[in-house]
Each structure stands twice: as C-alpha cells, then as structure tokens.
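Below, chain A partners chain B and then partners chain C, in two separate complexes.
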Partner chain A sequence: MAINDDVLVIGGGIAGLTSAIAAAKTGAQTRLVTHKQSTLGNASGLVDVLGYAPGEDTPLSDPFEAFEQLPDDHPYSKVGADAVRDGLALFDDAVGDEYLGDHAETNALVPTHAGSVKPTARYPRSIAPGLASDDRDTLLIGIDSVTGFDAPMAADHLDAVGVPFDVRGETVRFPKSFPQDADVTRYARALDRNEPTDDGPVRKVLAARVDDRLDGEGRVGFPAVLGDSRHETVRTELQDRLGVDVFEVPTGPPSLPGLRLEDALYEAAEDAGVRITSGNPIVDYDADNGRVEQVLLDRLGSEVPYKAQQYVLATGGAVGGGIESDRDVVTESIFGLPVEHPDDRYEWFDDDVWGDHPYTKFGVSVDADLRPVAGDDVQFENVRAAGSVIGGYDFATEKSGCGVSLATGYVAGNTAGELL
Partner chain B sequence: MSKQAQSETFDPVDVSPNAMEMDLRPGADKCDKNSNCETVCPVAEVNEDFPGPKFQGPEQWRLTRKGDLEFDESVDKCLNCMRCDTACTNDVPLGQMHNVARANYVDNQMSHASREFLRNKMLANYGILGKLGSMMPRISNTVFGLGATRWINEKLLGFPSERSFPDFATQTFRGWWSDRGGDATSAERAREARKARGEDGEDKKVAFFHGCYANYHQTEVAKSMVRLYESLGYEITVPEQSCCGTPMFANGMLEDARGVAEQNVDTFGALVDDGYDLVATCTSCSMALRKEYPELFDIDGIDEVASHMFDAVEYLRVNEDLEAELAGADVDFPAMTYHAPCHGEVMGVEGIATELLADVDGVELDDTGDVCCGLAGTYGWKEEKYEDSMEIGAEMFEAFEEAPGEVALTECPMCSAQIEHGTGYEVKHPMQLLETALVES
Partner chain C sequence: MSKPSAIVIGAGATGVGTARDLAMRGVDVTLLEQGNLTHGTSGRMHGMLHSGGRYAVTDQHSAADCMNENRILRDIASHCVEMTGGLFVQMPEDDDEYFEQKLEGCRECDIPAEVLSAEEVLEMEPYLSDDLERAIRVPDGAIDPFRLCVANAVSAENHGARIETHSEVTDLLVEDGEVVGVEVEHKSGSGRRVHGTEGETEKIYADHVVNAAGAWAGEIGAMAGVDVEVIPSKGVMTIMNVRQVDMVINRCKPRGNADIIVPHETTAILGTTDEEVEDPEDFPEEKSEVDFLIEEMSKMAPILEDARTLRSYWGVRPLYEPPGTGTEDTEQVTRDYFLLDHTERDGLDGLSTIVGGKFVTYRKMAEATADHVCDLLGVDAECRTADEPLPGSEDQAVLSDAMDSYGLRSPLARRNKQRLGSRYDDVLSTADPNPVVCDCEGVTRAEIQDAIESAGTDLNSVRQQTRASMGTCQGGNCSHRLAAELHPEYDQATAWAALEELYQERWKGQRHALWGEQLDQATLNHALHASTMNRDRDPTDVNVDFAAFDAGRAVADGGDHGGD
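Let's turn to the complex of A and B:
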C-alpha cells in the first residue's frame, strides 16, 4: 500500500519548497520529500533573479530587461518573465517582512564578504542598511576568530570596485572566547541569549568595542553572525547602542541568513498544509504508459512506495545530487533522464579555471510545460522539473539561481496542482 | 597515449581488502567542512567547550590515523542523537564515526577501574538491571524511591539525585503476553480480525522487538501495539530477545553491543526467513537494528534484519490504508503536543502519527518543533552531564509550556522520561492513540 497524495515534490531546497507551496495553494494534497533536513545552510540568503546578461561584466540594473538576450534553452525563456514575477510574489508572501526589495523590479547591490557587490532582487532585512547604492560612509567590523570575513580586505575590495562612499575595515575581538574553529552558530547563540561576560552582557560589550573604532561613519557592517532566532532584537540593540545603522554582510556556509530563510520557507510550507517527509532519498520509480505510477523511497535498505497524480522533480544539480556522472556519462539521478553533454569528458570543462565550463549548464532539458524531454519527446506526462536539475543556465556566473528556482518551482507546482 | 586513454586504463584497487576494521576513509573524504552538522548539535549549543560533530567525526579520524595522537576525551560528551547525520548534505556517516571514536576512547583510554566506567557499564547493560528489578517490582520501586538509595546512587555511582528511577510495571510485558496465551492467542485473534475485515488467507505476520523499556516499564505501549496490530489482522510473535544495544553504543561499549547484535540478528534473521517483518515501538531500538548494526558490525544476515526492521507506526502507514481506517473515527482526546525523537528523525519516521491524526475529529495537536529532549537514553542519567541534559531540554520544556495541550505524545521512552521529569506531563505513545481511535472507538 503506497502512501498517497495528489502532488509529490522531490527535493527540499528553494525550488522544491516553492513548488510544494504553489501546489498546496491550488488545494492539492501535497507532500514534499527531502533526503536531508538542511539544504540552505550553503545558501547566502540573497535572492537573485538575473545579475548579469550573457557575456557582460556590468551588473544589470533591471534583470527583466535582459531576458530577451537569453538563449532559447534558458529556463527563463521557457517559462517567461511573468512566471518569475509569480515566483517572486509567492516568495514575498511566504517570508513576509523578513525580506525587502519587492518595492521595485530593479536589482539591489549587496556588499559580500569578499568585498564584491552582488546584484540581487530580494535581500534579508538585516542586510538592507548595507546596500551599495546608499552613499553613507561605512565601517566594516571583522571578528578576529570568525575567519570567513576579513573586514579590512573586504573594505579595500569595495573601495577598488568604486562604491560611492568611504569604507573602512576594522577587526575586533568577540567578547566571549570559544574553542578554535568555533562555528558561526556559537556567536549567534551567545548574541541571541545576550550571554554574560566578565565585562557585561555580550551585546553591550561588543557594541562598546565597535564604538571605539567608529569614526563618524553612518553605518556598521558585521559578518552574518548577529543572532539566529532573535536576530532582529540583536541587531536593533546594537543599532541603539551605537547610534548608527547596523547590517550584516552575508558569509559562507553554514550561513545564518540561509538557515533563517530555510526556517521561513518550511514554516510557510507547513502553514500551506504541505506534508513533509525528510531523512531518506527517493531512489527509483515505477512507470506505466508514459506516466510515473509511484516513486520509491529508500529507507535504509528497503524501498517504500509513495504515490501521487503529479510529481515535481526538484533535486538540484550536481551539487545537490539531482545530476550525477560517472567517467562516461551524465544523467539525472532518480528517473535516469538524459542530460545533454559532449561524449568526450575532457570537453565537459574548460582548461581555464575562470573559463566558460560546459558542466555548469548540465541538467535535464524541458519543454515549455517544464516536463523533461529527450529531444522533443516528453519522458513522463506527469513529471515536471524545477530548479537547478534543469540545464541550460549557469547560475553562478549570471546570478540567477534563486530566480530560476522560484519561477520554475512556481510553474511546476502550480501546474501540477491545477491539473488535478 | 592521450590524457583520456591513460585515465581509462586506471583501475582503482582496494589496498586493504582484508582489513578487519571498517574503513571510515570514504566517509571522512566526503566531508567538505561546510559545518552544517555543527548548527544542529545539541551539545555544542549548550556546552561551549565541546568541539562539535565535524571534529568528533572526520577530523578526529584523520588526526588519529598515525597512532601518535589519542582520541579526544570530549567524544564522551557526544550524546549519540545523530542529528548531525540528518544535517550532513554530503552523506558523511557521522553517527558511525562517533560510535567508533567513542569505542576507541573507552577501550583504550578510559580507566576501567573508574567510577564513571563502572556506572557507564551498568547503564549500558540496563537490560540486566531491568531484569533484576522487574523480578520484584514493588520492592524495587520502593528501594529506588528511597532518599537513601538516591543519595548512595549519586555519591557512589554518579547517578543524578534529581531524577527518580522509572517505576517497574507490576507485570512485565512478556509476563502479560505469556499469560494471554502467547503466539497461539495472537494468531487466533488476528485470524478473526482478518475474517471480519474480509482479508481471508492473507499472510500478515510481525515479530515484535519490544526492547527493555516496553517490557519492564512502559508495558501499556507494548500492549497497545499488540491489540492494534491484531485488530488489523497481524499475527504477532514475541521471541526471546536481547537489549538492542543502544545504551552500549552510547557508552562506547561496542563489544557488548556486538554480543547482543549477534543474538538479535540470529533470532530475528530466522524470523525474517520465515516471512515475518520486524517492528519496534521504541525508535532507538528500531534505529539500532536498522542503522547501527549494519554500520558497525559484519554479521551474517544483518542486512536482511536491518531492511525488515520498521517503526511500529511507520509499518502500519506503509502497509495499511490508515487514512481510510481513521476516516470515520471520532475520538475524545485531550489537547496534545507531539515531540519528535531524534532517532525517529534520523530514520525519517517522525510525525507519521501526527500527520494522520491531525485530520481526525476531536484531535487537537501541536508540535514542540525540531528540538532534542536532552536525555538521550543514558546521557542525562550521569550526574556530571545532568546540567547539560536539562539545558538542552529547556527549549523542549518551553515549547510544551507554550502549547495548549497538557498531554505529551512521543515514540521514544527516553524522551518521555525527560518530558515527565521536566514538565510533569502525562506522556502517550502514538500506538496508544491509534489503538483508542481504531480499536476502541
């Protein structure tokens, strides 16, 4: 006896969560199956749509303006700009006032931990005062034991890219000491709880140490460790004590803005009535007459069937495990869907490290309805793909990862739900 | 020869085909230090001196390869919740690595004459203690409840005096089972139920792994399981069995665990061969047989046992149309709050009952969210770890306070002990609710 739902979404990243919420909102009984609980710890928490047009080095002001330049097999060309807007609307609704940027279609420029600026469509509230379009002078504060953010270096880089304000970097000691290589969550927890130190509560002492370095700047940026569950309280107290705006600079994994986004999206999915099954991977399927009948979940050695009318495949690309390769061939990992790639694997990459690597665009091909195809042939009439399991775009170079996930997730989930 | 042709003649070989120790290298190599594991570790959250799961697993494994460095004693502070396993996006077998590291530490570095070792040995082999205690349950309950006993336990043995020892049931589950007529009665009742359900001739057979706690303490959970399964047409057998080994893994006593694993694999493997599926009501018992045995031991038949081992709620969800069964149910439950056990999450079986019950008339259910209870089997039973145990549990206690319900729901007997200790709530197992909804109503 299979576990039965209307729509089954495979994958727990942004594409999967978006699909599941979109499907559930049509009234379909929706289940999301995710192998691992946590998938957004690697995400910056920024939500981009399109940062760079193909072959361009200058960030786009309006991402939608460049859609016409995208090749036909780009996911945006398949679903169109309105799908992106629908995906963003779903996102805005799901995360509420945790995120900003929905007042305009233009990109915001967010300073990163490496001192570059990233064009992005939506950004967390905690990052907002740091935008590079704002001309207030900026002090970046590094914490000596948080190795992922070198504030003086980031400041120099921002200066070099020509931001329209003066920026300086200083490094301070955190008021509490942790064992070497302590994780960002330790700092966040200490700030969440405002833990006591010899010199007073941790937020107060940190603010005092930063105040000593402040030299008339109108805002102060910290690595993204300013609290987890109570992050707005932490940031507000630091702002009040310093008398200037305080913002976070997104840092690498495990990224607190990414984890906060994960919490917000899972909460939205649960509120929408999505059933969530986590801990085991979907590994196989049974199909009949061009339709997937059921998928099989591997629960540590035996397989359990999960059945639905419609399926959404949102398992990610090579990093997420949705696309896999051996020494000869690249395929999609559950349904064995074909992935277009050169026969010679020495043509999968470019010899220049910073070159144009073909593998970055590996993924399944889809029709306008997001159903995976081989050539022109739809592989299964009731399977749609969403997010980076789809090929044809290089999200890291063009800065389009979240936007593609939201747009294709919305279309795949909404269509699956509407078809019932 | 081209680059490509060269690489195609490359034929990887196993350099240590006869190694007796399991090779943890592939697991360690998968770690890319993204530290997602660290963000979910309940011990790291409350104990800032604890190097988290990434260190305890892949890093410690590499550091100790040459034999010139000892295992760090902090591995003893890992509570074996395996939340890191569920968090790792690269499939690093952190739980397995921690079990091996802990066993190395306990075997080679911990003084076997120390008070901690003796106490841990007692905790690890709770099955024996439970057997003795349950022989004279009333006397045991009185003795364990005495202030003097608690004082001695803390001062001499290192058990926290704050905790009261769980009461022994006046009759063990096995005693009840045997008085009731054992397998023959079960087969008869299941046959009648199948007939009433129009399922003639179906082969529905399960072997019940009750473990220690449901046999000596929470016997009502085991009895509910029996009555519920029989009502759905399942014949049950309850073979002689050993402790699952969970407390042994958690205390680094891998050889003790191997002993019980060999016995259990032998017994339950034979039943699998006879067409039985295996079920347990305790999520730590099912996890031991399903995940830890094959991760840690190479025993003949172990994979068959592991792949046939199910959580009792999960098994019914997979094999019966519980949604249809529950559709007509109308129950009068008090408002309840569910707590998902960590080991249930590791197997992906948490919350199955709440998903099903949520739509039933008369059910009001909340959830404590994704938090560890802090008891972790034997961990919270150690005087020096009591404070950490309660601090880890604080988030769960708060969640219970905030939720409207005053009855708790969980699959794990150890979580339930911690819930009782920290909140005073009555605790139910999903089997008991499902029995009420499906058999009694």
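Let's turn to the complex of A and C:
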C-alpha cells in the first residue's frame, strides 16, 4: 500500500522545511521525508540573503541592492526579490522571537569566530546583542579548553576590521573539565542542566569567573556553547549575574545555533501540520509521461512507495548528499538529474582556494518555475527544486546561505500546494 | 683555537643527517634550507622504509644498503618507524621467472624473504585481489620523513649546529679556486620563521661547504662553476583516507610505475610514477597521472577503484649517474648515491656534493659525507649516528607507563605516544587543559605548542611535525585553530597570514582529489571558512560604513539595549 499525500518534500534541511511549511499553509496534505541529519549542524545559524555584490569586497548594507547584478542563472534571478521577501516572512513567522532582524531591511554585521564580521539578514536572539554596528564596548570570552574560538585573537582582529567600539578578549577556564576530545555540545549540556561543580552550579561559577575580567564593557560575547535545549535560560541567567548583555559568537561544527534553528523549524513544520518521515533513504522512483508517480523508500531492505501529486526536491548540495560525483560525472542523487559541469574535472576548481570555483556552484538547472531542466527541457512536470540542490550560486562567497533556501523553498512549496 | 666549520646546504634527510653527523663529531655546522625542513624530496616521498627488496634484482648494491639502514633506523629512529612488513605480490600476468629472481636477489642481499601462498596473503590483506598468485614477504615498513628529519635537526642543534630554514643560498663565495662560504638570503630574518618579518642577506664563511641540495644540487654547483648533472624525476603519490592495507604492498614485476601501497598512520599512500622533468620547482601535475595510479593499483587492490582519496602530491627524485652513463629510462637509473669530491673532479677546493641515493640510506650517505669532510678538516672522530638514538627514540621502556598519565584516551594516547616517542613526557607535562586541536589526527595543543617552538609561524612545518590538518578534513575544521595557537605570542595579522599559507597549501593537494566524498568535504570547508568565518571577504582593508547596518532592534527602536 502506497502512502499518499498531496505534496511530498524530500530533504529535511532549511529548504525542505520551508517548502513543507509553505505547502502545508496552502492547505495541501504535506509530507517531508528526510534520511540523514541535515547540514544545519554545520551552519552558523545566521540567515544570509546577500552580503556582497559580485566581485565586490565591501559588504552590502541593503541585501536587495545588488540583485540586478546577479547572473541570469542565479536562483534569485529565477524567483525575484519578492520571493525572497515572502520566504523571509514565512521564516519570521515560523521561528517567532527566536530570531531578530525583521525590523529592518538592512543587513546586520555579526562578529565571526575568526574575528571578522559578516553581513546577514536574520540572526538568532542569542547573537543579537553582539552586532558590530552597536557601539557598546565589548568583552569577548574564550574558554581555554575550547579551541574553535580564541577570544583575544578575535578581539584583535575585530579591532583591525575597524569596529566602532573598544573590544578586548580574555580566556577563562570552564568550571568543569571534560575529556580532551569533548565537543561543544558537552559544554552546552553542562550549562543546560546547570551541573554542579566543587564551587557551585556551573552557570554561577562561570559568571563569577567572567565577572572578574569585566572592565566596564557593556556586553560580553561567548563562543556559541551557551546551552542547547535551555539556551535562553542559560543566557538570561548569565546576563542577570553579570548585569550586562550576553551574546554568542557562532562557531564551526557542531554548531549549536544551527542545531537550534533546525529544532525551531521542525517545531514550526509540525505546527503547520506537516507529516514527517525520517531515517530512511529514497532509493528509487517511478515516472510516467513526464511525471513522477511515486518514490520508493528503503525500509529495512524493503521498498515502500510514497505517492504525491507534487514533489519538492530539497536534498541539498554536495555536503547534504543531493549532488554526487565521481571522477568523471556530477549528478543529482535521487532522480539522476543532470548537473552542468566541465567535462575535465581539472576545470572544476580554481588554483587559488578563494578563486572562482565551478564546483561550489554545482547543482541542477531550473526553469522560472524551479522545475529541473536539461537544456530547455523540463525533466518532470511535477518536481520542483529548492535550496542547495539548485546550481548557479556560491552561497559561501556571496553570503546568501539560507536566503536562497528560504526563497526557493517558499516558491517550490507554495507553487506545489497552489497547483492542487 | 676555533672549531673547524662546515656549511650544509639543504635540509632534506641527507642534509639534516650530515649536519647531525658533523655536529656530533665536533664540527661547527650551519645548515641552510630554502624552505622548511623536508622542503624538497624528503617531504614528498611515499614514506616507505625499504627493505631493499625493490632493488634486489637489478640494483643489488643499493638493495643491500637499504636493508642495512632499515635495521639501523628501526633502532635509532623507532618513533619514526612502523614495521608493517611488506609483500611483493605476483598477479596472474606477472612473470614466474621474475618472481624467482626477486626471491634469489633478496637472499643474495641478506634481505629476509619468505614465499606466501595466495590464501595466506588474502588472510593478511583481504582487500587485495583474489586473483593474486602468491607473494614474497620482506621487512618493508613505513617511516615518517618529517618526524625523522625533525629529530635529526633537533639532535644537530643539541650538538651545537645552527639551523636556518627559509634561508636560500644565493651564491657560493669563491676565492683563489676555493669555496670559502655562501651568501644567503633569510626570507624572514634569521632564526625562527615569523610571517611579515623583513628579509636580510648574510655572508657565512666556513672551512668546507657540503652541497646536499638534492634536486637543486645542480643550481648550487653552478654557483661555483661546476657541473652537477642531477636528473630530476617526478613521481605522483595519492593519499587514501583509510588504510586499505596494513602492510607495504609491492607488485612483483620489474620496477615500473604505480606499483606500491604504503600504509601510513591513518592513511594509505599509493605510488608512484617516474618521469624526467626540466625544473624541479615547476612541472605539470596532471589528472592522467592520478587516474593512472588509481586504475593500475586497483588491479592489485580492487577496493581502491572507488575509494576516497584525500589529496595527491608530487615529489622530484634527485637521480644522478656519472656523466656518460646515458641510461634512457629514469626508472632504470641507479638508486646508488655519489659523493662528488670537487677538488679531484673539477680542481675546486672547499666543496663536496652528495647526490642520488634513497631516503632510507640517508644516514649512510651522511656518514660517507662526514667522513670525507672530517678527513679534509683534520677532524679525528668516529661516526656515532648508527648507534646513538635520535631524540624521541632514546628510551622506549618509559613509554608504556606514560600512556595513562595525561588523561589521554586511547586511541588518542596511542597516537600521541607514537608521534612523540620518548619526548612524550617533556611535551605533554602541562598543568593547563590540553584539548585536541586537530580531531582527525588527534593532535593536542601541547604538541602544537611544542612544534611552534621550533617552527615559528610556519604552520606547514607545524603540520609536518604533528600531522595536524593532514586527515580527512584537510584543515577545514582545524587550520584556524592551529593559527590561534600562535596568538598572543604572535599578533593576529601574523597568525592570519600563517593561516592563509597553510590553508592554500592544503588546497593545493586536495585539487587532485576533487570528486566524490572529498569534493563534498571541500564544499563544506569552503562554507566554514568563507560563510561562517568570512575569511574570503574579510573587510579589514575596506572602509565599512558601520552606521549603515542594522544595529539591533533595541537600537532601532531607540529603547534600552536588551538581550531579548
């Protein structure tokens, strides 16, 4: 017996979740199928729309200003700026007060864990007090056993960037010691649970150690380890004890702001009535007459059919597993859709690590309706793509991570729902 | 009376070995290197500790040398060596007669050799092709060239040698038909390397100069008008992300291309090719070479066909044969070494050149060179390098006790111990937390700090000493953490410059592995460094109008600052 839905979304990252919510909001019975953990644990948790114009080194304060300079095959050029605004509106509604930035159509500059700043459109509440355009003096706190964030070095670099405030870095010892290879989730858990230490509860002791280093600064930044499930409680308690604002600086994987974003979006999807099937891969599909009829999910070795009227492909790029490659060919991994790429794999990259690389833009080509195409030929009438599985853009360089996923996710999900 | 003095040019295995040997005999040695330690061929080899089996049929003199030195290195450099054992595998298309010659040759060269049946081989190495006929087991192993060269350099310094890396010899100083010294350009000042330090030139005088510049030996010779005709021959090596084999695997056929797999730490290295190049610094690195290597090796180990590779790199062998030998195929050029006495050969005093040879025979080459130099300088001292262990290999007994002392969890502890040998205690004894900086290779902060002490801001040298950033992520997760270890001893701008150099170097090799899982990894690395950190468009050098950006809702509303 096939499982039947109106819209089936494949992929549980930000594009898939956005598509599913958008589809569900049209009234369509929507299911999201996800196999592996999403890549949000690698992501900073920031929602970038567009931080730089092509080829420019000065960050954009208006994320929409350079849209017209983007090439025709860029996903933003396909869906247009209004779709980006619609995607952002859906996001703001979905995550509520977990995120800020919707009060202004300008970008914010957020300190990065390397000590640079980067332009972004939406930022988590825990990151908000750290914005670089806010001129309060800042103390950055590093933890000596957490190697991903060196606070004194980041502070010195922020100073070199020219931020409009004094910034200083100090390193403290965490009140509990963990194995040498413990990752940041262990620190977050200790703070979530306010674990006891010889000197008292961990939050209180940490606050006391930081208080000793405060020298009149109006805010204190920590690496993003301040709790997972109870992160607002943790941060609020530290703020209360220190008497100044506390913020987080997003770090690399495992990234707690990214994981919290994933949780928030799953909750929103469930609230919107999306049915979620997780943990099993799609291994095959049946198509007829240019339409996908069903996809087949592998469950303990047997293939279970999932049917829908409309499908959204939101399986991610190379990192998420939506795009795969061997020494000769790059393809999309569920439907085997073609991915445009140079024949010679030595033309997939530039010799400079920061150069203009084709491989960072690998993904399927789509029409204005986000349906994957080969040349001009629509591959399946009822399949739309969303997020990093779409090619033609390098989100890391242009700082459009999540923004393209929101815009294309909104359009793909909403269109799929409206077509019923 | 001042000590007799010598300059050694080139800090590959032969150069550091020669410097150590001379310093131990009481010579005042200065070792000069244009890059970091192992900049040339020694840093770009497959890490195989030859038993000599590879040369036992056609180059028996070299083979016997390899076996002798193999035994010595296991003793004096135990922390650099993993005795994996090796196999010469005969495939159906490989000649029976050659197999017998190989076995006979090994015995003639005193290389322990034992024939194993296909069943016995497959039991030990299940990923080899089940088509294989049989194999010869020999005492091949793996050796870490970086660790070995560093240990030699440390020992040389302990015996009073001065070592200058990133110091390029720009001229040989010749007076009255004698080389009396060198002119050297220190790229970032003398002493430890620090990014951003201005260069300076120095003239150094010595009683004798040793040219151990490997592939660059011809250029050095030319500075004093003598011809040293090194034949630079390139070979490609591809690194796999896991050890598909636990022994060194050689194909049992006449020496050729793509016939070795060397298990090395967490990886396996495929090698290699042999092709003469014009310029050891500038030669094509081609896709066809990587593809050829993978496809050829897959015949012997089919699992390699679709396995993940981390990167590929090329080394340039400094082959040498006496003028007039005229061997056409570089693969057939002898692996013997040659000590050129330029007085005898060219009527030029004060200069010797050591060329050819194998990495594994570096110590013997160094001994021969030091014997010659000591003879000229009237130094009467015996070579002790075959007996005196290198720093790190002095006392194996204390190691097992030290395993648990630093809260290191196995396999972290085992790997720390393997890398540091008997220096374990010195390096890891710190009261402060010692977190892991490089997760893939399990490298801790104390090891990084120890390496920085000698390497300065040269993070590629830190990498070579510790293996940090050499695992599957190729620096994506850890290169910035390594750079942060430089601060505050070095300022943030210096640390950023050092990071940039390391990150670009990591990219160079990954380009040759850019498909499949390593393409996925590269995409992730790009996102972490460009998107999360904004290292690609860091606005340090542009004017940012901070007031034009969102300063937060509280500020926009004109209300109090607040975290909510």
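By definition in this document, the second predicted complex is superposed on the first by the 416 of 420 C-alpha atoms of A that agree within 3 Å, B and C clash if a C-alpha of one lies under 4 Å from a C-alpha of the other, contacts with A are read in each partner's own complex, and residues count from 1 in each chain.
The rule is simple: a residue touches a chain if its C-beta (ideal position, glycine included) is under 8 Å from a C-beta of that chain, and two chains touch if they have at least 3 such contacts.
Source: prediction; values computed, not measured.
Judged by the touch definition given at the top, the superposed model places A:Thr112 against chain C, while chain B stays out of reach. When the two complexes are overlaid, the chain among chain B and chain C that reaches more residues of chain A is C. When the shared chain is aligned, chain B comes close enough to touch A:Val304, but chain C does not. Shared-chain residue A:Gln69: touches no atom of chain B or chain C. Of the two partner chains placed by the overlay, only chain B lies in contact with A:Ile3; chain C stays clear of it. By the touch criterion defined above, A:Arg235 lies against chain C but remains apart from chain B after alignment on the C-alpha atoms of chain A. Once the two complexes are laid over each other on the shared chain, residue contacts for A:Pro253 go to chain B and to chain C alike.
Contacts of A:Asn280 after superposition: chain B is touched, whereas chain C is not reached.
With both structures placed on the common chain, the touch criterion links A:Gly41 to chain B but leaves chain C unconnected.
Touching of chain A by both chain B and chain C, each in its own complex, is seen for residues 39, 42, 179, 181, 253, 327, 344-346.
Chain A contributes residues 39, 42-44, 48, 51-52, 57-59, 61, 97, 100-101, 103-104, 106-109, 112-119, 125, 128-129, 131-136, 144-148, 150, 152-153, 156-157, 160-164, 173, 177, 179-181, 218-219, 235-236, 239, 245-247, 250-253, 255, 317-319, 321, 324-327, 344-346, 348-349, 351-354, 357, 359-360, 394-397, 399, 401 to its touches with chain C in the complex. Here chain A touches chain B in the complex through residues 1, 3-4, 36-39, 41-42, 176, 178-179, 181-186, 189, 253-254, 259, 275, 277-280, 297, 299-302, 304, 327, 344-346, going by the rule given at the top. Within the complex, the chain C residues that touch chain A are 287, 291, 294, 306, 407-409, 412, 432-437, 439, 442, 444-445, 477-478, 480-481, 484, 487-488, 491-493, 495-496, 503-504, 506-508, 511, 514-516, 519-520, 522-524, 526-553, 555-557, 561-564. Put simply, chain B touches chain A in their complex at residues 3-4, 7-8, 34-36, 38-40, 44-45, 48-49, 51-52, 55, 86-89, 290-291, 294, 303, 306-308, 314, 317-321, 323, 345-350, 355, 370.
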